[in-house]
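Each chain gets a letter, A, B and C, in the order it is written, and its residues are counted from 1.
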Amino acid sequence: MEDMFLFIIEVIGTIAFAISGIRLAAYKNFDLFGAYTVGLVTAIGGGTLRDLLLDIPVFWMQTWWYLAVTGLSLLVVILFRRVLVSHNKMLFVFDTIGLALFVVIGIQKTLAVGYGMWVAIIMGMITGAFGGVLRDILINEEPLFFRKDIYATACIAGGIAYWLVGFVSHDPIIEQIACAVTVIALRTLALRYNWSLPVIRYD
Amino acid sequence: MEDMFLFIIEVIGTIAFAISGIRLAAYKNFDLFGAYTVGLVTAIGGGTLRDLLLDIPVFWMQTWWYLAVTGLSLLVVILFRRVLVSHNKMLFVFDTIGLALFVVIGIQKTLAVGYGMWVAIIMGMITGAFGGVLRDILINEEPLFFRKDIYATACIAGGIAYWLVGFVSHDPIIEQIACAVTVIALRTLALRYNWSLPVIRYD
Amino acid sequence: MEDMFLFIIEVIGTIAFAISGIRLAAYKNFDLFGAYTVGLVTAIGGGTLRDLLLDIPVFWMQTWWYLAVTGLSLLVVILFRRVLVSHNKMLFVFDTIGLALFVVIGIQKTLAVGYGMWVAIIMGMITGAFGGVLRDILINEEPLFFRKDIYATACIAGGIAYWLVGFVSHDPIIEQIACAVTVIALRTLALRYNWSLPVIRYD
């Protein structure tokens, strides 16, 4: 039951990430194959770097459904582009839920390999945020990552929440929920109140 | 005898890929070392990502001849640039043969590790097409990959041909030839008849 | 005593590399988190690629001090930016010492895995120069690497010095010093006398 729930959330997250990549590719008039590739890289890029750094089997090579779900996302963008344009808020919700789950998954996998919490926090951030960096590199844009800071910062904050809750409770479910809620809350509040980190200047 | 034949083809493919990278570097007036590096990355980048994803020893670190052949390619570009400019067709032939063999090698290596055919098809495409993506990222151009779609699509089609022939024959030689011929035919026809995949739009 | 000395030099090198990344990020008005990330990637990017290619545990995931030292570098840039602007020469000295040590470390680690000297020379170069390439890709600039050639060439020359001295002496300390001195000397002389490799042209 709980596994099924996590699976559905992960599918939603993957679709949301893939759609965000495919939309950017569409703005640049990529062909279908290019759009699919950008969507795929956005959705699986972070987890791939995490698995390479942890030296564990790369997750999307173990089951074909990540590729299939990205294909579905491409179909969604083609068929419903007009609906998507007017539902940016819905996409943001999906994207944020996906981000939160990706962070949780990155932390879990890293702890399972035996690394300490500080490595897990970084891997959670990489899982959540690196796909978008790769997407921006592929389409030759300056990574948004470095401007929309709260994105990656929210991942780090979620990881710290996971760690702090671990001092009080050792129930992984509670740690995961604390992490996910922190990511979602911080990102939502940052958007609403236009939060951003201070900019560094150099004369 | 057959190994010798494959070896010669692989040398030709590596040289063709290296030359394509070095030519682009030369257009941008890179120095000799930069041109060498771009040529090397174009030739070995795809296989390197494949080996990292498969978690097997990186192929070009096992023998020095890939580096040597790239050096030879640099020499060829320096000495014969005028000849090369007027022989674009010859370069296209070499490049396409190299691409076909790179796809075959990528598929073979992936199957040898024990992954299924769908992973092998993707690894064939990565082996063939990712070096060019890396080259474009290094010289800070938008990857041609996303515009000249038939390139990567031909790799995928070759992989599917390999897979389909496997239902009829289990002779790896026949599967390989089917794969290579598909890649070469599709890419040649795409150039001649100006084929391309539909572009995705987003208003 | 010697370990302590190497440790101090490595800290200086990491700080110098991180500062070079953070300064570039500051020129582009990145926020604090983006600047930290660019600094980190500059400092650890080369070693990370080396460890992935060698298939050994990634060095910065084994101890938190690389992350801490990068945080210190961020603080230094924020607090002392005016001093830094007028002390470019000091930064160059740190950066060059760091580069030399990174090359030595890359060579040592590669030989320890059992690869031959030619792989070690390339890994020394990757350890020293690839962080800067990654930095330039992240901030979407054409890698300086391909213009300021003597940088990577000095790494290669240092590796060759290491190898040549090995024919005369088998004392690793002497090989390391020969390597480091070559890198430092070549880079310093190249700056002073404005050395550069010939540019490749293509009409």
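Here is the rule we use: a residue touches a chain if its C-beta (ideal position, glycine included) is under 8 Å from a C-beta of that chain, and two chains touch if they have at least 3 such contacts.
Just so it is clear, the model here is predicted, and its values are computed rather than measured.
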| item | value |
| --- | --- |
| Turn needed to bring chain B onto chain C - CA fit, degrees, nearest 5 | 120 |
| Interface sides of chain A and chain B: same vs different residues, half threshold | different |
| Rounded Å distance, chain A centre to chain B centre (Cα mean) | 31 |
| In chain B, residues with contacts to at least two other chains | 52, 55, 137, 140 |
| Residues of chain A touching chain C in the complex | 52-53, 55, 115, 118-119, 122, 133, 137, 140-143, 145-147, 149, 152-153, 196-203 |
| For the chain C and chain A complex, residues of the former touching the latter | 22-23, 25-35, 37-38, 48, 52, 55, 57-58, 61, 64, 67, 74, 77-78, 81-82, 85, 137-140 |
